[in-house]
Amino acid sequence: GGAAAPDERLTVLAAASLHGVFEDLGEVFTEQHPGAEVTFSFAGSADLVAQLDAGAPADVLATADETTMTRAVADGTVAGEPQVFARNVLTLVVPSGNPAGVGGLDDSLDGAALVVCAPQVPCGAATTALADLLGVSLSPVSEEGSVVDVLGKVTSGQADAGLVYTTDAAAAGDAVETIAVPRADEVVNRYPVAVTTGAASPELADAWVELLLGPEGRELLGDAGFGTP
Amino acid sequence: MLLRVPWAELPALLGSEASLAALGLSLRTSAAATALAVVLGVPLALVLAWGRLPGARVVRTVVLLPLVLPPVVSGLALLTTFGRRGLLGQRLEVLGIDIAFSTTAVVLAQTFVALPFLVIAVEGAARTAGRRHEVVAATLGARPTTVLRRVTVPLLMPALGSGTALAFARCLGEFGATLTFAGSLQGVTRTLPLEIYLQRETDPDAAIALSLVLVVVAAGIVLLTQRPRRGGAAS
Amino acid sequence: MLLRVPWAELPALLGSEASLAALGLSLRTSAAATALAVVLGVPLALVLAWGRLPGARVVRTVVLLPLVLPPVVSGLALLTTFGRRGLLGQRLEVLGIDIAFSTTAVVLAQTFVALPFLVIAVEGAARTAGRRHEVVAATLGARPTTVLRRVTVPLLMPALGSGTALAFARCLGEFGATLTFAGSLQGVTRTLPLEIYLQRETDPDAAIALSLVLVVVAAGIVLLTQRPRRGGAAS
Amino acid sequence: MSAPALAVRAAVPERDVEVELTVPAGRVLALLGPNGAGKSTVLGLAAGTVRPGSGEVRVAGRRVAGEGAWVPPHARRISLLAQEPLLLPHLDVLANVAFGPRARGVARRAADELARTRLAEVGAEALAERRVHRLSGGQAQRVALARALAPDPHLLLLDEPLSALDVDAAAQLRQVLRAALRGSGRTAVVVTHDLLDVLALADDVVVLEAGRVVEQGTTAEVLGRPRSGFGARLAGVNLLLGERVAADAVRAGDDVVHGLASAQPATTCRAAAAFSPRAVAVHRAAPGGSPRNVLPARVTGLEQQGALVRVRGETASGSRLAADVTPASLSALRIGVGDDVVLVVKAAEVEIYDA
Amino acid sequence: MSAPALAVRAAVPERDVEVELTVPAGRVLALLGPNGAGKSTVLGLAAGTVRPGSGEVRVAGRRVAGEGAWVPPHARRISLLAQEPLLLPHLDVLANVAFGPRARGVARRAADELARTRLAEVGAEALAERRVHRLSGGQAQRVALARALAPDPHLLLLDEPLSALDVDAAAQLRQVLRAALRGSGRTAVVVTHDLLDVLALADDVVVLEAGRVVEQGTTAEVLGRPRSGFGARLAGVNLLLGERVAADAVRAGDDVVHGLASAQPATTCRAAAAFSPRAVAVHRAAPGGSPRNVLPARVTGLEQQGALVRVRGETASGSRLAADVTPASLSALRIGVGDDVVLVVKAAEVEIYDA
């Protein structure tokens, strides 16, 4: 909580993977809008949509894929057309030192513990698409419910390799080594944003979307490893 | 886990505004929820232990459920009850009360998961102790309120103490129901476990450091209340 | 929650291969973990209740911790102990035992969270009952094993029963530690709560339906073991 | 006349107890009977720890239990010393004794002082600061007694108050109780198995057997002319209960006993014949001569009692009789359990009265 | 000679108990003493439920407790009836009694049969199928006694086995115990407050006071010539313990009592003077005439005992004495508690012996 009561409050519901970028962008925003305070609620995209539907107070919704946003549109909890503000592609990560000697999505994975996202979640859908594209069949030891869980398995060394977003790989820093996957950029995951129907301060919400889509937003997203539309 | 703690950076990690806010919120909500759990749980436990309620088994089952439900399900259950479209929530909204996604919601979620600890501990003790001492006190002229104050509560004190400690620790650790039911707004609903969950995405080291704080606080509370107990009672 | 269940589609939702596999896996691992928790927990509880162990308070605190830790932290704790790079995990791997991503890991995670339920229930009952009846049995010539079999266990049966039921139900509901530690592969490590978590991404209605199954099974188990208890014992 | 302090006319079917008894205000009733006869149950009915299945209980005229009525124990102005001491384990000895007065509103210091007095009376003042689990069996019993006496109740219910006490303590506490009960205008019901307690404490006696009142009257009446087997054995006399076959003879089964009829004319068909064990001689075979009462019996027990030995026997019709003989004559007779003997008693030693 | 069945020479400092006693094989020892004297503690030492702080305990010659040695209760071949019945609440009555034999390896049917026999002996066969929480106090005590007798132990330890029993049951069970203990070659220690138990059951007597053995000997010795106040009060005689001031006189404080010296020459300086309460006359003022023993005292209690009233008094030096008088003479004297009286006893009634 801030010191003095803010004139206006902006509440942003955002996918957990946007945590770092959005916190930074929030600082820029408050500089530009003195007297406004930005509060974030981070959770899985499906969670956010459900919460919004259950009446969570929010001005802006940013999800990690278009499927969940479509659901929010159907619920009538967001106003207007959602706009894509970031793109993400998959990459292969291995624990630092690459103990299993993985070289890519190929035979080097035989006998190694590969972890991917489950097909039900966005990164899993992308994984399936990529495998189809490359004509390989993956036999993962685990299909996780979120990309963070995949990354966690790799950083902790439980798994020998994992398919995650490039942004996640970037955030993990030295804990993992990245192995580029050919044609990965052909399978793109898009991040849409929208102002909610029940927004308490629609002007600020619009301003946030504008900032996100503008140069400052692009720059910060780029720094975090996101592609921009 | 200790091995992986970045000791040098610990002060910085823990001192961040977000961490402090989360810790403060956690302590406040846990205290409130524990108090609520005691107020609701002790009478409930006594009724369950002593009463001959026809529906006692069902009531006990409902009270125990949060203990065993996965966090997501607990959250869903709360949301469908107290949420804006929930059974009770709709009525409350008519009265102008909206609790979902507020600090109240956090307290509610924590009370929900902490209540069974109190009820189990107190009911178990009350059941084993029986009402023998209460009956003796009554035959000496003590009215029910006096019996409660001077016999029942002192006799149940050890159980109540450890039940309360467990309940408080459980409140501190509550995660799933809070996330689903209250959201994760910094300073409002983002408790320590939620902060840890979030930090894990961007800064696993910070997550481990915060986890350690949580473990230490919880362990400290559980440990503190384990006073050496008295020997067997003469009967 | 009941209102939001899509009753018409329920059979189809529950009958899906994924749901059935998850339910089956959950039941099997929970049974194994509960058995393990009983085998480990009962002796531990008796030692804690009766023994004069110098470190009893610390041991009890450690045992109780999983009860109050948030799921992520539990998972992290298991990972740093039994994980491939964990303290014990490394040694096990040298012996050729690799539990990562196996059903064994699920059982381990469930045992970890279920153990405190057994220990609390049995220790509490053993402590309140005292050793009076055990002493009487010994003065009648019963050797310790006989005392355990014919006095201690029967006397603790109600507590053991409800402790086991809670442990089993808790195993069924275990989510966080399994997710963090064991992974999520259909038929191998994806238990019912993990399946619910996943379903929620694509089909919230299905998630609610599965949650309901979980609640009903857990409630049924908790309810079943609440046999009417005996009246006060003559002393 | 004012209402009796206690009137019970109630049944507890699950224990097969069905009693009717009255204790006038200011009197002390001894409640006697074999184990399991229902004595504790009657106290429980009066105290409110047992609910009657039917009937009613009145304390000082007020209906405290019965259809529609229920006054909880604390509101009955009674004090119950139960058969188990059941001291409150979280309080020390002093606080246990002070509990009743405190519960009835006495200030802390006054209650503590009263408690110390009561403890001194039962010889347990040195235990005041002890935790209750560090007491011996008899010490706990004394403290429980002090606690029951402390609240100064209208009606005092004492279940075997002097059991578990050593001879000195029992004698001393009997006096304490006597002082507390007799001449204080207090009403009390005392359950006991000890004749001395009855003699020292009780105005009236009720004997229960198998959940029913089988005898009641003043202490002198019941012990002087017992009409129940239990009363007789307690009083230490032999009793044959049966049909009056003559003004001065009673038949019980096949056993006929002649004696001295009481001065009052007989009014009932049932009659009792009572005689002291000391008046009974034991022979191996029936003797000739004056005694009119000759009862063949089988020896069921031999028991030393003070300087004498008590020979217990049972006749073919099941009458249980006792004879006190000197050890010398016993060894001359050379009898043992199971032997057939003849019990002989002079009619002049037998009293016959209405039963 | 074979080792004694039980030899205790041990201290339990936290209870201030320090005793040394021996029970020869085949004999029955009565353990007597005031409440809190340490009787239950001694049984606990023998049974293995109390650990000695120092010293040792031997059962049949085997060291079962003491530095470095510890044999747990179940391996001692003893059987303990504790002061509280403590029946096993999850078993019915029959299973409680059969527990000991079963634990010692007797087959189920044989154990059940044995249990039924034992239950019949204590008059509780009808309770065999009862759950234990549905027993009355005395019924529970009977079952506990049957249970203690069932395992057929080498050494039987009984803590107040006949308390809480009705007169009939107590008399009957005293016989059961007598049969079980005497002449069976079984060794037993019985704690009791009842003189009848001592007379009926015990070969030897040990009196404890404040955690120490103050008297021991055969039953006849101790009751015939008690050397402790407690023993004397139990035997029902007055006792003055003090210094021998003449062959036939004892001084205790300021009180001097003359009597008949025993045939054996005096060997000790400490001596005892014993006389029956019946031999003591009570006067308001010192009478003239023959009696040589005149003891001024203050009345501390009046107690009905059978046909007589017992007057209890204490002299200025603290000797506690009793006098039995008829109710008629008492009412003639018009004395009450607190009055000063003079107790008079003929020297011919007083026995003087070594203490």
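We call the chains A, B, C, D and E, going by the order they appear; numbering starts again at 1 in every chain.
Quick note on the criterion: a residue touches a chain if its C-beta (ideal position, glycine included) is under 8 Å from a C-beta of that chain, and two chains touch if they have at least 3 such contacts.
Protein names from UniProt, one per chain: B, C = Molybdenum transport system permease; D, E = ABC transporter ATP-binding protein.
These figures come from a predicted structure and were not determined experimentally.
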Which chains sit in contact with both members of the pair chain C and chain E?
none
Can you list every chain that touches chain B and also touches chain E?
C, D
Hop count on the shortest chain-contact route linking chain A and chain E comes to 2
Result of counting contacting C-beta pairs for B-D and A-C, higher pair
B-D
Need the CA-centroid distance for the pair chain C / chain D, whole Å please.
57
Taking the mean of the CA coordinates per chain, how far is chain B from chain C in Å?
19
Rounded to the nearest Å, the gap between Cα centres of chain A and chain B is 33
Note the residues in chain C that touch 2 or more other chains, in rising order.
132, 197, 200, 232, 235
Which positions in chain A are in touch with at least two other chains?
47, 50, 152
Per-residue multi-chain contacts in chain D, two or more chains
84, 135
Chain pairs in mutual contact under the definition given at the outset
A-B, A-C, B-C, B-D, C-E, D-E
Given the complex with chain A, which residues does chain B contribute to the contact?
21, 79, 83-86, 89, 98, 100-101, 179-180, 183-190, 197-198, 200-202, 204
What does chain E use to touch chain C in their complex?
47-49, 72-75, 77-80, 82, 84-91, 99-100, 102-104, 131-135, 140, 147-148, 151, 153, 157
Where on chain C is chain B touching in the complex?
1, 3-4, 57-58, 60-62, 64-65, 67-73, 76-77, 80-81, 117, 120-121, 124-125, 127-132, 159, 166, 169-170, 172-176, 193, 196-197, 200, 207-208, 211, 214-215, 218-219, 222-223, 226, 229, 232, 235
Would you tell me which residues of chain D are touching chain E in their complex?
33-37, 40, 83-84, 135-139, 141-142, 159-160, 163-172, 174-175, 178, 193, 195-196, 199-200, 230, 233-234, 301-306, 312
What residues on chain C touch chain E, complex-wise?
132-133, 135-144, 146-147, 150-151, 154-155, 157, 230-235
